[in-house]
Amino acid sequence: MEIEIVNLREIVGIVRGTFLTKQPQLDLEISSCGASDLMSDVLSFMKPGSLLLTGLVHPQSVRTAEMADIAAIVFVRGKTPGSEVIGLGNELGIPLIASPYGMYEICGRLYKAGLPPAMK
Amino acid sequence: MAQVIKFTKIQELIYELPIERVMKKDVIKVSPDASMKELKEILRINRISGVPVLEEERLVGIISIEDLIKALVEGDIQAPVRKRMTTRMITVLENESVVEAVKKFAQYKVGRLLVVNEQGLLRGILTGGDITRGLLEAISLDYHAEEISRYRAKHIFEDIVSDQTSLILRYKVKARDFKRGGSASSKVKRALDRLGAVPEVIRRVAISTYEAEMNLIIHAEGGGELIAEMQPDVIRITAIDHGPGIPDMDQAMSPGFSTAPNWIRELGFGAGMGLTNIKKSADSMKLESTMGVGTQMEIVIYLRPEVREESNLNHGSGVEGSCRP
Amino acid sequence: MLRPFLADLHIHTVLSGCAEVEMIPPLIIRQAKRLGLSLIGITDHNACHDVEAMIQASEGTGIHVLPGMELQSREEVHLLCLFDTFLQCQQWQEEVSKNLPPLSNKEAFGAQFVVNPLGEWIRTEERLLAMSTNMGLEEVVREVHSMGGMVIPAHVDRPSFSLLSNLGMVPDSLEADALEVTPRFIPSIGMQRWPQLKDWCMIVNGDAHRLQEIQNRTQFTLAAAEVREINLAFKGEAGRKVTVKWPVPG
Amino acid sequence: MPSLKEITQKLNLEVVSSASLVDRPVTGGYASDLLSCAMKGAQKDYLWVTLQSHLNVVAVASLLNLAGVIITEGSQPDGETITRAEKEGVVLLVTPKTTFTVVGDLTLLGVKGDS
């Protein structure tokens, strides 16, 4: 499979997502992707510049993204973050996206689109 | 202090409890001539996932919701249960101990076992949950029994008013009298049971009294005396003989050492574990011997196990420090 | 007058499906006595149905029971919630029950028993208790505090159901009262791995699912066995303090 | 959809429990590291992809009668978990790959999630 660089605009299209944070940088390039609900795992394995798919809605998801230099976060179906989480995303400049799909479906779609895994 | 070999209460119960004490007795069953459609109703109404199949009184198979689903898929819902049932049945006997059921659950990975009697007739059904529930009930019953017996024992001593009450049992032990070996200790054991001591303590008293008694039979040339003095909290067993005496005390105390002559060993005694076993079972043991005069052994066992077990707790080793290290 | 309280604030009863059947009130009290404990917390998963029986069983034994539960937050993090009175704990229970998904246990997670002070079976709880409630971490801390209780994130050094594993670190905003670590936690190693822990008072509890697992490593110096006093001890104020017997490496 | 056996071979998964039961159908996939989410989202005969490897994973899989559990990132279940899985007839599979990659591969094999 050919490895492609996908930008945020395309990602939002693929996962049928909506932006939760303001003024997203749509042509931000994403080079890899990881899916996890455990932030200890994200901190220890995810590559900088990757996209995080998670079901953990907590300000700590955004804090972890900041620490691990995660480019953006997609919250999976049914996991709508509160205003505190979105506020933190805006403050730290980390784009937050909500998708109507579950984690399984999103992984499948992005993988098919050619996004490589974000394992260190 | 030596570690006392001891089963946990649960392990003990798993071995002691018969399956019939924990199984479900009112079993819902089905006839082999019933249709799969009727079976579906039975499962639905009773909210169960499988039933044994009985022809008259005889167990002929078992049928589950999986069999029903297969029948549904194949459009075979009018078929009799006989056609679709499984005849391979995993059974246990009602008077076997629970541990046998635990083994079968592990071996066959089934959700339920059929309980039968010696004649192969169905007596009940058993799930993992039944075992847990049965153990819970038994453990609280056991706890009660323990409390009641303690009360009883105390009560006897309270009825008799004195500054210090004790009950003294004396037994004469003849040298080389292997036929009656152990009879004194079995009487001590029975007395303790009557007084309501805890089973675990009784076992320890029985083991050490038995070994002390056997020592008198094997080694004391003129026999000796066994004295058990019981007080509300403690039992003191003294074994006295008049010779020959123990030449090397350290050697006598080491496991496996024996001075018993061969013919005694051939009877199965004198393996050199006597003193070691006493040490293991007793809370304290004192041995005094003078060559040519005789030997006196004193064994002390506390009747309330917590007095002893406190010293066996192995917690909290480490360094004392702040909660912000 | 200040006096020492040897404590284990995280003990399960047979109400927790994963607990052994020996975890009944009289046996827990007997074991606590043997270990020299004078303060214990009863913390079953998302429920306190066995707490009253425990309190009754403790009467006259010199052991004080703190009513509580081990709550599982939305983030799947375990939090000890402890109160002074059973009434407070029951109020909290109402809140928790509303937020627990209505699943039935079917004993896949082990049977959950409600028992009396003697440990006799009263009923089997059919609702699955060991699941995430729909309550966020901070929300739990806020609510429990407002009801006069305290919150201690449980076994933070464990690889599952813990603050450090699920959230990666202790959130700055977390207003928990102290942190619990497992009896295997060795300070010199743990502090290196999670430097953040230096800002916290840490206590060791057993998270006991069987009698042998109850611990006697944490000692409070308090005027009375109350939430307010324990909180002073966590902060090291007014002469109240916490000392812990830490395991040594190797 | 492919059977569990086919998936095990194609994805090169290590079977750590109930190897005799891999010959079963798979009707869908589910991914989450939160057990409570899996309890709600995964269904009978689904394959669950997760990083978690502790005992409760087996309880969830058994309760929902899942086709199997793929444990990712080389996380290894302990002996007690494997014993319990054997007892309950739960198929545990282990892979060094990430959840993202495993789900991607499963999707390419035709194992669908709920959309």
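The first chain written gets the first letter, and so on, giving A, B, C and D; residue counts start at 1 in each chain.
Methods note: a residue touches a chain if its C-beta (ideal position, glycine included) is under 8 Å from a C-beta of that chain, and two chains touch if they have at least 3 such contacts.
All values reported here derive from a predicted model rather than from experimental measurement.
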item	value
Chain pair, B-D or C-D, that carries the greater number of C-beta contacts	C-D
Centre-of-Cα separation between subunit B and subunit A, whole angstrom	59
Distance from the mean Cα position of subunit D to that of subunit B, given in whole angstrom	41
Intercentroid distance (Cα basis), subunit D paired with subunit C, Å	32
Geometric centre distance via CA averages, subunit C-subunit A, whole Å	35
Junction residues of subunit A - those touching two or more other chains	37-38, 56
Residue list for subunit B, restricted to those that touch at least two other chains	none
Junction residues of subunit D, two or more chains touched	34, 52
Pairs of chains, among all present, that meet the touch criterion	A-C, A-D, B-C, B-D, C-D
Contact footprint of subunit D on subunit C as seen in their complex	18, 72, 76, 101, 103, 106, 108-109, 130-132, 159-160
Residue numbers on subunit C that touch subunit A, as the complex places them	74-76, 136-137, 159, 164-169, 171-173
Of all residues in subunit C, those that touch subunit B in their complex	14, 20-22, 24, 26-27, 30, 33-35, 107, 110-111, 113, 115, 118-121, 124, 178, 187, 191, 198, 200-203, 215-218, 234, 242-248
In the complex with subunit C, residue positions of subunit D that touch it	34-36, 39-40, 52, 54-56, 59-60, 62-63
In the complex with subunit D, residue positions of subunit A that touch it	33-38, 41, 45, 53, 55-56, 101-105, 107-112, 117-119
